[in-house]
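These notes open a run of structures that come right after.
You will see chain A twice below: alongside chain B first, and alongside chain C after that.
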Partner chain A sequence: MNNKITIGIPRALLYYKYNVLWQSFFKELGIDTLISPETNYEILENGKKNTMSEACLSMKIYVGHVDYLKDKVDYILVPRIVSLEKGMKLCTNFSALYDILNNTFDINILNYNIDVDKGITEELAFIKMGQELGFGKILSLNAYKAAKKEEYKQNKINYLLQEKRLNRNKTKVLLVCHTYNSNDNLVGKLVTDNLKEFGVDVIYADIINPDGDRLLYKNISKALYWTYNQELLNSIEEYKDKVDGIIFLSTFPCGPDSLVNEMCSHKIDKKMITILIDELSTIEGLQTRLESFIDILRKDRFYE
Partner chain B sequence: MKNNAYLGVDIGSISTKGVIIDDSNNIIACEYIKTQGNPISAVKQLIKSLESKFDSNLYKIVSIGTTGSARKLAGKMLGATTIKNEITAHAIATISIHPDVRTIIEIGGQDSKIILVDKKIVTDYAMNTLCAAGTGAFLTNQAKRLDIDINDFGSIALMSKNPVKLAARCSVFAESDLVHKAQLGYKKEDIVSGLCKSIVNNYLNNVAKGKKILSPVVFQGGVSKNIGVVKAFEDELKTNVIVDDIGHLMGAYGIAIMSKKSVKDNDFSFRISDANFETKVYDCSGCANNCEVIRIYKDMKLMDSWGNKCENGLK
Partner chain C sequence: MNDKVISFPILADYNTPIKFMIEKMTNYEVRLSPKMTKNTLEIGSKYSPDYACLPFKYTLGNYIETLENGANVIMQAGGGCRFGYYFELQKQILSDLGYNFEFYSLTESDVNGISSIYKTLKNLNPNIKRVRYLYYLLLTFLMIYYMDKLDMYIRKNVGFEINKGSFDRVKKSMLTKFSKTRGFLDLIKTYYYYRKKFKNIALDKPKNCLKVGIVGELYTSMEPHSSYFIERELANMNVEVTRYTNVTFLLITKRFKEKYYLRKIKKYCKFTMGADAMDNVARAKILIKKGYDGIIHIKPFGCVPEIGAMKVLENLCDDEKIPIMFLTFDTNTSELGIKTRLEAFHDMLLMRRGNEK
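Entry: the complex of A and B
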């Protein structure tokens, strides 16, 4: 296999969590990548057309991005991740992603398979991916290690920027939301753009200190087995006393979020609202909910 | 020297409300009309009617506030100085009339809310999701189905001694439930009373779930005019529920009070009702987002546009 191939990366779901890792890895190996553009209505529409109606909005968006890339690249990176830690799980969508895409489109999917419960670690997955692209074990491993360093650096920078926002004297809201939703143009950005317009600083629960205490989540629940939701719980514990309120944002219909957010509303004593985003076309209802929530946080006394 | 007056307009899905107040928050003119799916003509009609009730020799309007789902559009038309969401507006109005209020229940045409207040500060709120189950629209639908005038709904409900149990989560399920009960031979008043109860149960289980309802409780919005629902709330909450005469005007009243903070020294002219307003909505093709862009024209001149996500939408 030669190096002249291009790998397509859909700008959706786990892209937002691992983009630095993925892109650095391919860069180390000298492979070109093509990343789909920010989510727009065309991508969403194409995603809806190619997905069963029960899938969640984030999934539909992902399928739309794959649809965008399918004729433009040689391979598409579609991760299959079952578990990232022993005894822990991801939402079943992430284990099913490979099969769903394979059955929807006629595309070449790059082998990327992590299942720590069965002994397949991230490192092994990357070595295998490198080998499939024609690189040796050592070369692939070195590329992975270099990419891992880049990932750490970026995570640290994101965390330090967040700390800066935490120390500013503005109304602060903690956005508890999966990375793939908080960064998406048609999901999280609708919310964060509006909040910024109201002069509110957004603290992201999905920005995690790579050197921070990772066991804080136990104060809320010890039994939760979804890795990404556990990370969000950890952030709630870390940030909740430094913010004015919490916004839980999820896409419809998200199984893990519907359970975890409900649990949080019983266990955490803080002003909070839950916002559920579906394939809506107007944002007036969203603005009303956000604006009144901010009014409450600021304890505005308009009548005096 | 004319006295200052402040105008508040609340444009909801079903009705449009206008209130003019003076410096001590007394209402000097008010009006309530149906929106009928056309907020522009509703606002014009509202302003015309307010003008006839308003003494322009005594007062001049120095600030304007708009609220409700069409607050942005109406705000542009009227040159509003304050544009705010209806939750805050309702809270401000209620607090100014009932300073000790703890819970505000609001059920309107398409949405329902609960607002919790402590020491004159709003502490929490919740609102129904996109579905309009358990709101005025649901009741109007069922009244039509039973061939009852919605204005008689409450008094019919009060006649019932044996209200039926109905599902109120969804208008579609309620229909099959309702037809079924009617065919079993239930009296009309029992079904109507059952509907009132189901509205209350739906509200308490979905909108107010997990929130502590403390008294004094104030009930507002179009549905508060239905004494059947008021009675059902009192039975369920086991407390007195306050319904104000001006409960349907609260949003407009609240935004009028809030607009006092943004007084501008220009005399508002009622001539707005003669101007020609037009909106054009189109799907922008400037980029792949296909935004729905709304443009508002006054006498053929472009006043404002919104809805675009990027610069391309302005062309």
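Entry: the complex of A and C
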């Protein structure tokens, strides 16, 4: 086996979707991983320095995390994902991630490439990555399968916890937001922390039931082909009758969100607010908006 | 509903072949939206989501204008990146505004483009035969191919014409002739006739004129309004302009050139970066190898793939020591600002030439 190496995982973008999968995959193979800390202003500042000014906030945060890791580890894990299902797509940022970082920093990148439209599934991608690290096919496949089981378990736990929260008798708000934003310290946490302070339960649209109905989104939008937005719409359909209001949260200028959130506002009859966070957002302005939104929801509850 | 009037969003001169195709295939009247103006964008952005990309706003403006004008069937091409999702949201926005119309996206019903267009058109004209459909489809493709070929020549030389406007005049008459095409033979004849005519236009072109390549997002590149006529502006400064993005490329050559392009820029890109990002990097490289003086990269605000490409382009141009300028077009972009930047870029290119000598 090769020398001991450390793989850096930036705590941004796909990390929040795949952290369990990645970490248990590398653990199975006996490789050390280092995860960058929660996003802070220093990381954001470094990210801003190293990206084009027009890139979206989530991207800037990601680059900041890579900047933090670059001298501390041997490889940095940067996946490239074009499509996860046939005919579906992800935001093009995810297909350009590898090349953008390669052109920004002088780093060793550990990369895997998923493009189901061209026949490269997640399984094949992980096996290939395992081989690149010097492990055999079967060893990699087994590690992948074990990791996938772990991931499923974690998703199910998250979902069941969310179900529990749904049954409590409190004001509930559905937060519609990509996973990588809703868990981020400088994006989603700003909103969720405030909401919790107001005594509101937050239901996350990005926590999905791994065994749930995956075609509910068709009620809102038939032609939608962005996988992550589909998952969010599925959750909206599932939860919309159980919550008091919906918050659409996205980073500036998120492409898919700009169109899909508008579509939702045309289709769904529910109290909602759209919040856009950019690198200059102030917390005070955000607090005021959230507070008045919650007041409206509470007033409704009171009169019912 | 009484008689159907079909319309589609404007895309520069491609109106002619598309109108020709739809007219021949459906036998309904095709009424184009009125000429694109500042107003188009204003109406469009009024009803669009704030940070949707610019083509969305332009096409929505187009639709509203054309619906006001009496059209009741709208067609849209659909396609990759975000374009494929436009139609559903635009349909929703327009019907919420109270318009009554049918909306077809040519590529929505099938994965395969050719059979998808056939199915869509079959809705409008149940009598259409496969043979007739294929015949006119090929005819239209050929027409577009010829147009693109001539456009390449025009862009290279329009800045150096002796009598101002002679290229425009010939092109206009060519388009009218194209719209009355009777068949393949007729089309080929027309093409050669006008090719000769274009080549006969008197030019005053120095051998070492400035050459600038334009790369960038497809709608902004192809629709001159959305780039504030950047090509014409450059031509007025006596610059030879080349741009590879055109409909022929999007429909046909893109898929064949992918591997070739990737090999060309192995050093910079390992994968395609979504939409046309990687192609643009490769084209910039080709233009530099051909000895162009500068590259201009254009995109509408919020175009994600092109933002990714910018970083790579920067590196490429740094290594090759070729100046590159990035222009972003938004609803509030001032025309004068663009002009100033273009002039500065032009002066800089001239000065570079002087230093080399």
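Some notes on this structure:
The criterion applied here is as follows: the second predicted complex is superposed on the first by the 296 of 304 C-alpha atoms of A that agree within 3 Å, B and C clash if a C-alpha of one lies under 4 Å from a C-alpha of the other, contacts with A are read in each partner's own complex, and residues count from 1 in each chain.
Definition applied: contacts are C-beta pairs under 8 Å (C-beta built on N, C-alpha and C of every residue); 3 or more make two chains touch, one makes a residue touch a chain.
If you're wondering where the values come from, they're calculated on a predicted model, not measured in any experiment.
Taken together through their common chain A, the two structures put chain B and chain C side by side without a clash. When the two structures are aligned on the shared chain, A:80 is found in touch with chain C, with no touch to chain B. When the shared chain is aligned, no partner comes close enough to touch A:183: not chain B, not chain C.
Within the superposed three-chain model, A:155 lies out of touch with both chain B and chain C [touch as defined at top].
When the shared chain is aligned, chain B comes close enough to touch A:299, but chain C does not. Counting residues of chain A touched by each partner, chain B versus chain C, the larger count belongs to C.
Legend: residue contacts after superposition of the two complexes on their common chain; A:271 is shown touching chain B, with no touch to chain C. Measuring from the middle, so to speak, at the Cα centre of chain A, the directions to chain B and chain C differ by 80 degrees in steps of 10.
Looking at the shared chain after the overlay, A:234 reaches neither chain B nor chain C. In the composite built from the two structures, the nearest CA pair linking chain B and chain C is 6 Å apart. In the superposition on chain A, the residues of chain A contacted by chain B and by chain C overlap at 266, 276. For chain C in complex with chain A, the touching residues are 48-53, 56, 81-82, 84-89, 92-93, 96, 105, 108, 111, 268-275, 277-278, 301-302, 304-305, 307-312, 314-315, 328. Across the complex, chain C is touched by residues 51-52, 54-56, 80, 82, 87, 91-93, 95-96, 98-100, 102-104, 111, 113, 221-226, 252-256, 258-263, 266-267, 276 of chain A.
Listed in rising order, the residues of chain B touching chain A in the complex are 69, 72, 84-88, 92, 95-96, 120-127, 129-130, 210, 257-258, 261, 287-292. Of all residues in chain A, only 37, 40-43, 265-266, 271, 273, 276, 278, 280-282, 284-285, 287-289, 291-293, 295-296, 299-303 touch chain B in the complex they form.
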